[in-house]
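Each of the two complexes below includes chain A, the first together with chain B, the second together with chain C.
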Partner chain A sequence: MDIRYWNKDVETADVQKIRHLQLQRLKSIIASALKTPFYSRRLPSVGINSPDDIKTLDDLRRIPFTMKDDLRQNYPKGLLSVDTSEVVRIHTSSGTTGIPTVIYLSAKDLDAATDIMARSITATGAGRTDILQNMMSYGLFTGGLCMHYGAERVGLMVIPAAGGNTKRQVSLMNDFRTTVLHITPSYLLHIHSKLAEYGVKVGDLALKKAFIGAEPHSEGTRRKIEELFKIDAYNSYGLSEMNGPGVAFECVYKNDLHLWEDAYIVEIINPKTGQLVPDGQEGEVVLTNLIRHAMPLMRYRTRDLAFLHIEPCKCGRTHRRLSRILGRSDDMLIINGVNMFPSQIEEVVMKIPEVGNNYQICVEKDGALDRLIVKVELYSKMFLGEAKQIDNLKSKIGEELKASITIKPAIELHEPGSLPAFEGKAVRVVDTRPKL
Partner chain B sequence: MAKQLHIFVENKPGRLRAITDNLQKVGINIRAFAIQDRGDYGLMKLIVSNPEQAHLSLADMGCACALKDVLAVSIPDRPGNLHRLLSVLVDGGINIVDAHGFVLQPNQQGICILEIENLAQTNAEQVVRKAGFDVLGNDQLNNL
Partner chain C sequence: MKIKQISIFLENRKGRLYDVCSLLGKNDINIRALNVAETESFGILRIVVNKPDVAIKVFKDADIVAKITDVIAIEVDDRPGGLADILKVLADEDVNIEYMYGFVEKSSDRALMVFRFDDVDKAAAILKKHNIRIVTEQSVREL
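Then we have the complex of A and B:
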């Protein structure tokens, strides 16, 4: 095995050393947090008025969880600890309503996040001679830019292809002899289904690795990708609130994801009780970011369900491994790697006067990709009797949804009263994608 | 002006029957109908014996429906007559959104139901009458 380290001292440090580092960094994050409007109220309410009030890592658990809703209520600047002149980058991600969540990075924060990303890339054995085609979307989403920065730091040649335009993606792979892809698993499978159409064979390409993430997928999907493309596929875990990809990454052993514990404190809790679950048990991932000071985030409830491995890894890294994401403890939907909440869709469609009382969100597989269909009822009193009105209404709903959730779903209009009613336990989301 | 009942229907089995069932229960006679297919939905368009009553009955059932003014033109069932009617409209700069026609036996009377774009803002009725066609109102349609 070709085991490479980006920062061997930290990656292989003994547990005591990592815990010591975590405590030092936590104190430092507390100092920053006390400068934010949000934590400057919350921390004193549990008796934390200065970093010195944190004596051991157990003191972390005195701090209440931070929820996505806290981010929404404190949007846009309630968790900012510095003047915006210190900020060099922001990213946003979907909130449960039209209000997104935002993160801020200072130059130092960005440097630290980039370093963690570089460490993740290196752990897979990728290096300077590799050519990375980064097919995650650039922009407000963290997936594209954060990987880009990390890969540049390692010294890979980066093709900032972003998502979409499958034919051009394949041309880029071919022309520039791409060796590594950063991509969602469903899109990678979709590309395979298109190769014959473009007259390209897998053997024509120079692919060696893929970093796959941004959507839950099974071990079966990973194996399928590896067999179809004759490559190694490495699982990646991250979330916008924690700086995006690179929170945890697989090493060459591909045996679940090393969570970089010098950068993040991970807790696995029972989502119902909030109590820690015993080691190795499945629960909700709670993360404290130790490397971002411009916008501290402590004990953040990710709503991702996973477990931690307790056995060490053969690669020599001491950072514990997080399982693949097994599900969600909320109703967030992940459609082709894009996160959204049913409540966002509801907020949009219920504001449109021509839409009746009921709606339904359907998610299905269309080949390798996900397909989102939003079904709404026509409000009978607003119907003017014209097909043009219906067609305009459908495109209006599609456009307004795209503005909120960034993708444009298929819109189906139904007769009044034909969808399951709001009363009782109406099934608002019908997800027929195969279970993992 | 003649009234046509437009009903929004999903493209799925049994929907049209639900509408005819409702109308037959209140004794409405369907004189003519057409369906404008739009893929996942359609518009059912009915010429009925009592449009207002039919509208209320379907609205009570929760249907999305609307009464639309249409031009009901009587044309003798002979070669070239539809062409003549359409020429008159084209020359008058009047656009047809949708149309359907039927022929009444035994007097070989053709009836053409025309949905006209922005009907109220056009002089479509005068143009058609001036060309020698009869334009029928609701009562005349009912008494055919």
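Then we have the complex of A and C:
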């Protein structure tokens, strides 16, 4: 097995050394946090007024969890610790009800995040001779740019293809002899279903690896991808709030994801009680970012459900491995790698006067891709009697949803009373995709 | 001059058209003209009935989405080119037809057609000018 390290000392450091590093970095993050409007109120309320109030890593648990809603309520600058002149990059992601969340990176933060990304890429065995086609969207979303920076640092040749335009993607793969893809698993499967149409065979391409992430997927999906493309597929975990991909990544053994513990403190909690669960047990992933000072974030509830492996990995890395994501502890939907909440859809459709009382969100598989259908009832008083009006209304709802959730769902209009009513336990989301 | 058409919004569900028609039958309402504009996911049923005001109430009580719109019913000579003559007049006068459909029954030797115009009043005036016979609400009721 070709085991490569980006930073062998840190990656194979013994547990004591990692914990010591975590404590030092946590103190430093506390110092930055105390400069933010948000944590400068929250930390003193639990008796933390200076980094010296943190004596051991256990003191971390005195700090209350930070929720996505905290980020939303403190948008845009409540968690910023420095003047914006110190900031070199922001990323935003959509919030539960339309207010986005934002992260800020200083030059030093970006450098540290890039280094962690470089470490993740190297752990898969990819290196300078590889050609990476980065098919995650660039822009406000962290997925594209953060991988891009990490890959450049390792020295791969990067094709910043971003998402979409499947035919062009395949041409790029073919023309530039792409060896590594960064992509969502559903899109990769979709591409396979299109190859015949483009007259391209898997054997014509030079693919060796894929970094698959941004949406939970099963071991079966990974195997399917590996068999169809004759490649190795590595699971990637990250979230915008923690700088995007590269929080945890699989090594060449592809036996779940090393979570880089010098950069993140991971806790697994019972989402109902907030208590730590015993090692190896499934719970919600809670992360503290140790490498971002412009916008500190501590004990952030990711809402992702997973567990930590206790056994060491054959690659020699000492950083514990996170299981693949097993689900969510909230109602967030991930549609073709795009995150959204049912509440965002509700907010849009209920504002439209022609829409009646009820709505339903349906998610299904359409080939390899996910398909989102938003069903709404027509408000009878607003009906003008013409098919044209209904068509216009459907496109209007589609456009307004796209502005909020970034993808355009199929819209179905129904007669009043035909969808499950609001009262009681109405099933608002019907997700018929196969379970992981 | 103008007559009342009822437009009904129907989702594409088996038996929905039957539901609407049987509801009219039960309430002793006769359909004089009928047309369905169908798309992939919904349909608009357009009907002209003998008792439009009763029908709209029946629909409302049954939670069926219905709306009265104004249309014009025209008597068309039942001979080759009869409809074409009328369409030519309308085209020459620059009247835009949104859609048209036929009545179920005929009145003597003339066919009855329902026309929906984007400007109903303008269309009515032009038809009158060209002596094209317009069916009144009264005669629809008595058909």
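Here is the rule we go by: the second predicted complex is superposed on the first by the 436 of 436 C-alpha atoms of A that agree within 3 Å, B and C clash if a C-alpha of one lies under 4 Å from a C-alpha of the other, contacts with A are read in each partner's own complex, and residues count from 1 in each chain.
Note that a residue touches a chain if its C-beta (ideal position, glycine included) is under 8 Å from a C-beta of that chain, and two chains touch if they have at least 3 such contacts.
Please read these numbers as outputs of a predicted model, since none were measured by experiment.
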item	value
Fit or clash between chain C and chain B when superposed on chain A	clash
Which superposed partner A:175 touches (first chain B, second chain C, both, neither)	neither
Contacts of A:2 with chain B and chain C, given as first, second, both or neither	neither
Partner chain in contact with A:311 - chain B first, chain C second, else both or neither	neither
Contacts of A:58 with chain B and chain C, given as first, second, both or neither	neither
Touched partner set for A:83, first chain B, second chain C, both or neither	neither
Contacts on chain A seen with chain B and repeated with chain C across the two complexes	378, 380, 383-387, 390-391, 412-418
Footprint of chain C on chain A - complex, ascending	378, 380, 383-387, 390-391, 412-418
Of chain A, residues touching chain B in the complex	378-380, 383-388, 390-391, 412-418
Interfacial residue positions of chain B with respect to chain A in the complex	6, 8-10, 15, 36, 38, 40-41, 43, 59, 62-68, 97-98
Residues of chain C that touch chain A when the two form their complex	5, 7, 9-11, 13, 37, 39, 41-42, 44, 63-69, 98
